[in-house]
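Order of writing sets the labels: A, B, C and D. Residues in every chain begin at 1.
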Amino acid sequence: MAFFLGIDVGSGWTKAAICEDNELKSYAIVPSGGDYKKAAKEATNLALKKLNLSVKDIKCTVATGYGATMADFANDVISDISCHAKGISVLFSNVRTVIDIGAQFTRAITIDNDGRIINFIMNEKCAGGSGKFLQVTARILHVNIEELGRLSLESKKPVEFTTACAVFAESEAISRISEGARPEDIVAGIHKAMASKIMTLVTRVGMNPDYAVTGGGGKDIGLVKAIDNELRSKAYIPYEPQITAALGAAIFASSK
Amino acid sequence: MKRYFAGVDIGSTMTKVVIFSDRIEATIIGPTGPEHRKLANKVMEEALNLAQIRFENLSYIIATGYGRINVPFADRQITEITCHAKGLHSLLPTVKTIVDIGGQDSKGIKIKDGKVVSFVMNDKCAAGTGRFIEIMADSIGVPLEDMGIISLTAEKAAPISSTCTVFAEHEIINKLASGETIPNLIAGIHESVATRVSAMVKKLTIEQDVAVTGGGAKNIGLVKALEKKLGCSIIVPPEPLITGALGASVLAKEIFEKYEREGQMPVRSSCGLQEAKIFS
Amino acid sequence: MAEEKKGRALATKAAASIPKFVRGNLAATIKAKEEGKKVAYAYIADGQDEIMRAMDIVPAWGESFAGVCAAKRDAEKYLQKAESDNFSRSLCTYATCTIGFDMIRSELGVDIVPDAPWGGMGRPDMILGSAQLLCDPRFKWPQATQHYLRDVPIFVGAMYYPPFDPKLNHHEQEKFYVKYCTEELRECVKFCEKHTGKKMDWDRLAEIVELSDKTWDLFIDTYELRKAIPTPMDTGDAMNTMVPLTFNLGTQEAYDFYKQLYDELQEKVKNKEGVVEPEKYRLIWAAGLPSWFALGDFQYFNSKGATFPVEVTYRGCEKIERLELPKTSDPLEHIAWRWVRYWTHWYDKARKRPGSLPKVERIIEYIEEYKCDGVVFHSAFSCRSWHAGIIHQAETLKKVYKEIPILILEGDIVDISSYNEADTHNRIDAFIEAVDAYKSRMG
Amino acid sequence: MAGIQNLKGLAKAEKYYTDYGTRAKELRAQGNRVIGYISALSPVEILTASGVVPFRLKGNVEEAITKGDAYMETIVCPFVRNVFDSAIKGKFHFIDGMVLPHQCDSLDRTSDIWRDYLNLSYFHFLNVPHVTDEPSIEFMKEILRLFISTIEDFTGNKITVDSLKKAISLHNENRRLMRSLYDLRKSNPPLITGSEMMKVLVAAMGLPVYESIELIKEIIEDVKGRKPLTDGQRKRIMLIGDQIDSVIITDTIEKAGAYLVMDDISIGSKMYWQDVDEDKEPILALAERYLRKLKIPTTFVDTGGTYEENLNARFGHMRKYIEEFNVEGAILFIYKYCDPYGFEVPAIKSYIEAVAVDVLYLEDEYSISSLARMKTRIEAFLEMIA
């Protein structure tokens, strides 16, 4: 019996996943904060605790994500794009396009039937349209980020946003509220704006009717629906989209 | 009988009111905030209380700033560019170049005899604005007011490679975790804003004296960084935040007196001291 | 091209001698005054190299100088200077960098600008711009420069080639295109004669043109040695070894350089000496000028076991016989044919594969011949000429050829402000993983 | 749609402006062919002579680019990206083909993209040269002949010397009329506002030339007898730039308290100020008009004389406009990533300032996303020159 650990040190959240025989046994998600090292340890310990295991029971660890190199206890580092691809392929073997919506970066990845990257594209110099939008929106509407999706589905008339800047979107949303715009319409507007940006990435990388949405953004059903509308199809959503890369990393660890 | 004039500056972050006669009678600075956007009337009431006059005593009111449309009781709207120039000139007549660092916009203004001769403004990206500093202050947990002082103790500005505010925020958090000192980080933050602002302001041939206005001027570290980038010393007016509102109130007086000289009655807003109902 | 801050380790000895070439070209523009020679601001691939050489006009290459400034990470002062007079940051940064440089020159009222990287460029006596199917800055940049150097005369000649249209037969158009190019080159000669006070020595021109042809052939022969596995030289070096072809065409030094490089590569091939050991992945640099301030990124590729045996960029020549040039005794007409055919010789191939493009055919040919497993493009934001249309090339490649891994890096040639090393390396990592997957998929 | 036929003059222009493409759609439904074109550099006379309906493509500043970016890099100028975005979204489903002139890198380097993704029955890239010497005129004639032969192949209609001459004289008439309408802006206050004019310009570029002629005639009648609406106390502004085609910007200028009295923009005076010489052989006359007479930054002009002479040759027409239309301030509105205009900003600015007219330089997107900022700048500029 052997356990394998995947640890995804994201710019917003750090995720740990533990696998046994390619099967997910436990996971944990903690905010990355400033100290990636600490977050990586914390997430690992949390995930271990759920199984009553200790570090010694882990046979191999692969780290991934923005701060992967900070998880210095890992045996190897693999890019999060590969890990997303791998993670999705064990969950949905037919998926060929992965849309990952993280805190700063959004990317579209096409994968082959072994879960390896064929191609990928991500936003570059500007965080306009990234997951940051969701955090900002949740904050100014005084709702939990988990509620955004449900709220958005109630919207009848999404607000059109004129700014693409993640920072000024906040002030714009605030102005809209004080003009009397309904919170659900604001959220739906943000979702629509994000989905159209994402659509561009997906078209460029190659659209496939079997696609999945991963990363923290995948938890937002409103956003997923907006993407579905743009792509005129229905996304596969993992049970816990945010840990997809961590899961992929754990699978990689199993094959080391 | 003494005449009173008012200037109301609704900025993206702060709302400022100045009541002016032949001198400043009252100044108020309050947050703009989501609900406050429509509540210019409340800030005005405060200012009136402070000056111990009534709304009816005001002969002319000018609104400025990015929310200038949201002041129903103002008699006229004038852009913050003209108002900053006027306000600063009334305080410091030797100044020829103004750098204004506000919450959402940064601007460079060239003036001659209190009139604008040219100006530049940043584009729609939060990098290079006061907002950038606010966000960074928030994420390293230092009060905005202390950013300036703290940065002066830096040994060396920590370079920040991302221009994007969102990316830079993460970069700073990481640098903090990997042991960079707070003063060095803050100095780096100021340098990043100063670099962007100076590149923009240099489009105007800079002539001395140079002054800085807006909330950014309250930040001594930022002012120092700007001085380095522009290669000249910079004057900071005593209360830089109110420059725009002051200019508006001075303009209110000038415009009113011009009407009077020409024997005309200025057209005044029909709204009383009420909340804004239309927005821009 | 130039030495840079970090001092990139070059694989070949020949490439290491390039900084000498670049410095020499810059120094020549300063020495020219003493020698009584005229200096011309010139732009690469304008077809005017041989005319300049035949008339002893010393070319001052703005693109080269801007590249040096970028590589030494010393361009910002010039970019900012240009920006201060309202030149947008979105314009070609080769241009804005040298315009900033000339603004300083004119402000100080000097011929030689102090504190310029490698001594800078001498003051030009004329500007030889070009209006072609290649780029707008080549004729707007001279105009903008004249705004600061008001007495410097400009010539702008047109070097057009027929655009690719799958429905039209370019062979019919070639004739009037060549006629136009030839006449424009003749206008150029007239202009140079007027401003140098000398007459063109047509025999000398013919000799120089012949030397260029020989150099083109030798260049291709040399570069084809890179087909060897492992490849003896990669794009990191080629961004240097392009200098003689690009900036010294029509000179004996250029020819001799490639002879030396040829011998060196042949030796390496014999000894199976590669750029990296083991060579795991072979990539093609399929379009885009490099970020001169980040040439170290090629080494980062190398550190992952990846090499670039071939690149499209700066391969500004072709085997002469392949172009099937019509015979002519007029050297100008020869230059014109060589130029037009340099572009059109891919057209028939592209027409045969529906939906394809000449640029894509070229990439496909290189992928096949140089056995590449992945494609890298660089999209520099300030130059539309080479960098707009890259997405389309990538899409077309996938559509008409095969699903080969493609990486499009985004950056700039000179402007370092948007570059982030960690991000770029991150992207390269993921791409190498994709190439690895591709290789194992292909077996 | 029935209503449109009953509208006249400005009301009709307004309708055509708001529902841009209505008329082209109708004409297509009646069995005509519609050919789209971009920029003032496309020789519409040839399209008219071939019997097709020329229809100038425009984007929509109010619509964000959502599909186009998947095909075209964001380093292409925002105008071109926006028009392409409209096209790929099917907004121009009623065009049969298009001609794309070689104006600038943003158009030239994307020509493959237009051709390969729009799948039109007709597509032609018109490779106009950037220089104007004698060999270039000869070359331009070849290029025009090639264009003519492709459009003939497409329509099956021969273009004869006569049909070309007829088209030329119609377009000259159209230009003359438009200039007379512009003349009505010379008075103070002008008889027609900048936003009304913008609507006319946009309406006209979506119509066959004979309909445009009728429309302009009606409008001149409408406007000529007007009483000045305001007191004539406002500053008179000229707008300079390339593809500005929305009343949002003209409104912004006029609502800030100015008269927009003249323009040097691609759909405006650039289209209408120079006629084709009717006494010359038509192809030569066309070559000369588009290469030598048209004032756009993508044709390189050099007199061989002093720099000042060069500036006069390049921008002298703007000085004339300033004098004739009593311009008191100029707004130079340039798109990001536009090399041809971008490189001349310092030259234009100093040239105009030399005749004591202030210039506001705005560099922006083809989008209203930064309208608030633009408003502030324009208002401040007007306060500045007040």
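Rule of thumb we're sticking to: a residue touches a chain if its C-beta (ideal position, glycine included) is under 8 Å from a C-beta of that chain, and two chains touch if they have at least 3 such contacts.
Source: prediction; values computed, not measured.
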Strictly by count of touching C-beta pairs, the top pair is C-D
Whole-angstrom distance, CA centroid of chain C to CA centroid of chain D, is 35
Here the gap between chain B and chain C, centre to centre from mean Cα coordinates and rounded to Å, is 48
Whole-Å distance, C-alpha centre of chain A to that of chain B, is 39
Touching at least 2 other chains, the residues of chain D are 70-71, 363, 369-370
Chain C touches at least 2 other chains through residues 85-86, 391, 395, 418, 420
Where chain A touches two or more other chains at once, the residues are 125, 163, 204
Among line, ring, star, complete and other, the chain contact graph is complete
In their shared complex, chain A is touched by residues of chain D numbered 64, 66-67, 69-71, 368-371
Chain D partner, complex, touching residues on chain A are 162-164, 196, 199-204
In the complex, chain B touches chain D at residues 66, 78-82, 105, 115-119, 121, 123-124, 280
The chain C residues in contact with chain A across the complex are 391, 395, 398, 403, 405-406, 408, 410, 418, 420, 426-427, 429-431, 433-434, 436-438, 440-441
In the complex, the residues of chain C that touch chain D are 85-88, 90-92, 95, 129, 131-133, 135-137, 139-141, 143-144, 146-147, 150-151, 153-158, 160, 162-165, 168, 173, 176-177, 179-180, 183-184, 187, 355, 357, 379, 381-385, 387-392, 395-396
